[in-house]
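Handing you a structure now.
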Amino acid sequence: MNVGPFILVSLVKILLALFVLLTAVAYTVWLERKVVGHIQNRWGPTRVGPFGLLQPMADGVKFLFKEDLTPPHVYKPLYIAAPMIAVIFALTSIAVIPFGDWLDIGPVSTMLQISDVNIGLLIVLGVTSLGVYGIALSGWSSNSKYSLLGGLRASAQMVSYEIALGLSLVGVIILSGSLSLREIVDAQGGHFWGFIPKWNIFYGGQIVAFFIYLMAAYAETNRIPFDLPEAETELVAGYHTEYSAMKFAMFFMAEYANMITVACIASLLFLGGWHGPLGGPPWLQALLQIFWFMARVFVFLFVYIWVRGTLPRFRYDQLMAFGWKFLLPLAIANLVITALVVALRS
Amino acid sequence: MLHLILFSVFGLVCVAGAINLLVQSHPINSALSLIVVMGSLAVEYLLLGAEFVAAVQVIVYAGAIMVLFVFVIMLLNAGEEERTKGSRVSLLIGIPGMIMGSVLMAWVLITHSGTHAVEAGALPGAPREIAQLLFHEFLLPFEVTSILVLIAIMGAVVLAARPEPLQPEGKN
Amino acid sequence: MNPDLHLWLIPLLPLVGAAINGALGKRFSRQAVTGVALLFCGAAFGMALWVASQFSSLSLPHAEYLATWIRAGSFQADFAFYLDQLSLVMLLVVSGVGFLIHIYSVGYMWDDGGYYRFFAYLNLFMFFMLTLVLASNYLLMFIGWEGVGLASYLLIGFWFTKDSAASAGKKAFIVNRIGDFGFLIALFLLIQHFGSLDFTTVFQKVLPLSPETAGAGLLTAIALLLMVGACGKSAQIPLYVWLPDAMEGPTPVSALIHAATMVTAGVYMVARSHVIFERAPSALTVVAIIGTLTALFAATIGVAQTDIKKVLAYSTISQLGYMFLACGVAAFSAGIFHLMTHAFFKGLLFLAAGSVIHALGGEQDMRHMGGLRTKIPWTFWTMTAGTFAIAGIPPFAGFFSKDEILWRAYQASWIYWLIGLSTAFLTSFYMFRLWFMTFFGEYRGDIEESHGYESTAGHSRAGTPAPHDQGHGGIHESPKVMLIPLMILAVLSVVGGWVGVPGSLGGNNRFDKFLGPVFHATAPDVNATHASPGELAPPEKQTEGTEPKTGPATELIFTGISVAAALTGLYLAWLLYLRRPQLPQKIARSLNGFYDMVLHKYYVDEFYSTIFVKPLIDGSRAILWHGIDQGVIDATVDKSAEEALDVSDSVRHMESGNVRSYASWVAIGAAAVIAYMIWVASR
Amino acid sequence: MVPLSYYLVLSGILFACGVTGFLIKRNIITIFMSIELMLNGVNLSFVAFAAQWHQLSGQVFVFFVMVVAAAEATVGLAIIIAVFRTRETLNVDQVNLLKL
């Protein structure tokens, strides 16, 4: 495959992925408002369009046209750069995430993934870990105590939970013996004894790892019950207190994009990626794969929102204690056990 | 060709970041420029084929260590550094020494490293091979460094733990 | 091939005891300390007995290799143990008597504050002594040799709070050093010329050599140097001065170390290296002369002493003189025989004396004793046995051994015999003097003053109650635990000599026969040994009990003479100290000059202090201290220190405490290093 | 195809920048960053050499360097915090006493 079409296809894929991702972000917000509303026995957005389906658009428009004011005494360059950093790193990680297997359109046969890096997982981790800067810098640069506290909390929290997160993934890496997301998913094809799908979650006690990942992911994305960086009751709005309009929207997008990334990783690593039951012609296969993948991500996001609707917020020391004293040891234990299992089996 | 272009682009970014680190007077800017340096270094590693090193460079250096730096800067609310003339020695001896040393090094490198060229991805440092090396030949150093890290953690806790009773002014 | 006897266990057991008591004794109860000490010491003794029971079935000499200790080139010294008749006798004597004295000490030291310390030291001593006895090479022997020196130092200075005790310990140590010096040089010579210190090897190499009849040679030198060491350890002229002072230690110590075992180490060593001595006739002569002189000399001093322990100390010295005399006339077995019997009765005497002191609440001065016969009967009777034994009254142990020595001495030269005889007379005289002064006549002391006298016994140590505080209830017999060892030793000192009844008295010197293989087998062949005294005791004649010049009759006559001398001593003592107690003073006054001299031990200590000690101290102070130490060493040190101060004062500005300046120094240094490396590479 | 010397020169430049930063910066934190910069320069040369000699151990060594750097940063920053507590300044020129 020569360079020209390659670049073309890649561009197409990038644009597609970006579009899908952004819409997904927008509609995750909508979904959240809806679901939380129902959990809280409200209707949620209903006015704009059927079921308030156009609500995201309205929000977007509002953000765009709202006055973008920067408070005095902020450290300007960083104040401006911070939200961009946040959103950029949040969106970057989609680049290595596969939505499905190969797709053949006429002559070109391409993989449903912007680029298959054989250390994809590491790339995702690295990029998400860089996401911290956006929040930290915003908190510091906006020169306000709430923001600063929020930023400090966020950076501390994310650095701490990154460890548990990474360790919980190592088990999967050991099982599938690769860092390439694609290979990890391929390793999960097939069934145990014919009927149980061969997902990592059903595999060598990875269910523990899955839950560790779940909680760490919530903390990483600053979501309830770990949303202390933006705890309204204590810090007004945390690190983005001083932000408004598009910059605020960027943080918002960053948060939800991160959620989606995390959901993708979860479904790729633990829930068998795009493997699904139904069969059919190749083109249908490809679409089905995307469908299954989306379904998993959706379920994950739904759980996210569900949790937000139900659980209260941690206290900060509890958060740290939970991360360091419970999750980390548990993750290490799981890692050791998995390693033992693999070693014994081979 | 592409290799050379990429190398020079990110190399320039690298140097720019490094120099920016020097000229910036506010530590947070220095930190950010250092992050830039590290990121572009990661790309250089990728060019050399050391993909795993690159990833770890991003995760550990940019993602962890530098976060720590930024965190501390925020915690201590470090401001612009004041221009005190603390040591003439560093200017009278250090700078010439540094220059002399680097010149010598450069001379040696340029003359002795030959015109041997490395092509892109010369040595694919795939995680598997790295792991093989790390857990077989370098097992002992690996364990030792792990112990080192453990000690470092404990030391950090001990040092940063607020001394009791808290002394109001250190100057006495 | 012999079964493995695990000889190494024998010395090790007491060491374990010492370790336990030394480390943990402070926390133990006295019962526990006692238990540990006795258990391990007794175990060693039991082991020794077991070895003895196996002994007949062994092919001798029996050597056991434990581990290699030093290997340097061809030279090698092992942790190896060596068992033959000689060492068996020593082993039994040491462990047996040692065990008895351990038991005795339980009673004697019970109220002492340093109880556990005492037993730790005692066990330590046992360890070293047994090592010395069982060692299979001179080096290991030397370890034991030094170790017993250490133990004796510790035990002499046991009541270290008392200055005299501490200084006595130091004196013993230093005097011993002189001897050890000789010993060491002898060892060096051995290594240089025979390339080994292993007994068997050395002796194998020595055996073929013919005696150095004409003039002195290597062997003579070695033998003399060894003798110097023996003099130090066994308190012979001129190095005997430490022994009397050693009486500062607790009485059991005096009994064990300074009478029964340690001081005989010298004799053992000479006997062990008899192969060398037999080939160095001149050295043998020296040994004999030293022995006789010491015997007489110490005896004369002993006559005038009034401190009961001092008397015994001097008698010990003179008895040791006897042993050396025996060795000097190549009658090694006789020497060892006397060593054994002496261990019995002198140990007994000391213990009994201790019992007396105990009874009198610390009184050591015989002039304050008397009439104790009825008050402490057991002590009296045991002491009697000891006295008769040492005085050489048949059939007590001392008689046979001493008689043997005298007889053999006579064969060597009548002078030896004469001096020996007079010594025997003196011995019996001062021993009976002690006996009468202590147990007969009326009681001259006053027990109520006993506290006052405790200081003389050195028991008024800070806080620690003296054993004889029991003595407050008046004069009293010692507890069983002290009496039983006394009785056992008494029995031994009665019958102990019967193993060596000489042929002339109808026995056939079994002891000599027993030791025969060790000594006679290695005696130089007859044709090569004209002037050697060794020829006068060729084995085959010896065993028949017939002598070249003389027959049993003559031997009997001499026996009679020596017995007569002993009885004369008895009579004289009775006359002077029981019949007419005022006579001694008269006599003393009539020849006061001599008496004073004797009383002050011929001023030997003073003589030494003026000749050696004082010049040494002054020299050290003037030259070494003020001259070299202060003038040269300190001066250089101070000067260099000042120089360093000046230099650093100029350089210290580099250490500004400013991190960046440090960094700059590092940078310039790195640049220099790089430049140097480049220069090296491009050269 | 890039000559090895380019990489080496780049790493040298980074190292020199680090040294200079150590020499001219006053802020302890910045000085620490300069140290990290030096380490990075060294790492680059390691990787470059590894690529030249086809020795993966060069890359492995980089990990050790990183670990040490991490440990050093942890402790160092803790020290900085402690220093700031007592001195209330981050200026090394004013922190020239071991003991107050």
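By written order: A, B, C and D. Residues from 1 in each chain.
Definition applied: a residue touches a chain if its C-beta (ideal position, glycine included) is under 8 Å from a C-beta of that chain, and two chains touch if they have at least 3 such contacts.
Computed from a predicted model, the values in this text were never measured in an experiment.
**Student:** Taking a step as a move to a touching chain, how many steps at least join subunit A to subunit B?
**Tutor:** 1
**Student:** Measuring centre to centre with C-alpha atoms, which chain is farthest from subunit C?
**Tutor:** A
**Student:** Distance from the CA centroid of subunit A to that of subunit C, rounded to the nearest Å?
**Tutor:** 91
**Student:** Quick one: subunit C and subunit D, Cα centre-to-centre, how many Å?
**Tutor:** 72
**Student:** Where the CA atoms of subunit B average out and where those of subunit D average out, how many Å apart are those spots?
**Tutor:** Here the centre of subunit D sits 5 Å away from the centre of subunit B.
**Student:** As a quick test, compute the distance in whole Å between the mean CA positions of subunit B and subunit C.
**Tutor:** Chain centroid spacing, subunit B to subunit C, equals 75 Å.
**Student:** Send over the residues of subunit C in touch with two or more other chains.
**Tutor:** Residues 656, 658, 660, 663-664, 667.
**Student:** Send over the residues of subunit D in touch with two or more other chains.
**Tutor:** 19, 23-24, 92-93, 96
**Student:** In subunit A, what residues contact two or more other chains?
**Tutor:** Where subunit A is concerned, no single residue meets two or more other chains.
**Student:** Strictly by the criterion at the top, what is the full list of touching chain pairs?
**Tutor:** A-B, B-C, B-D, C-D
**Student:** Hey, which residues of subunit B end up touching subunit C in the complex?
**Tutor:** By the definition above, subunit B touches subunit C via 86-87, 89-98, 100-101, 104-105, 107-108.
**Student:** Can you check the complex and tell me which residues of subunit B touch subunit A?
**Tutor:** By the definition above, subunit B touches subunit A via 28, 32, 35, 51-52, 55-56, 58-59, 62-64, 67-68, 70-71, 73-75, 126-128.
**Student:** Can you list the residues on subunit D that touch subunit C in the complex?
**Tutor:** Listed in rising order, the residues of subunit D that touch subunit C are 19, 22-24, 31, 92-93, 95-98.
**Student:** Once bound in the complex, which stretches of subunit D touch subunit B?
**Tutor:** Its residues touching subunit B are 1-10, 12-21, 23-27, 29-30, 32-34, 36-37, 40, 43-44, 47-48, 50-52, 54-57, 59-60, 62-64, 66-75, 77-82, 84-88, 90-94, 96, 100.
**Student:** Quick check on the complex: what are the subunit A residues that touch subunit B?
**Tutor:** 75, 78, 117-119, 122-123, 125-127, 129-130, 132-133, 136-137, 139-140, 148, 151-152, 155-156, 158-159, 162, 166, 177, 179
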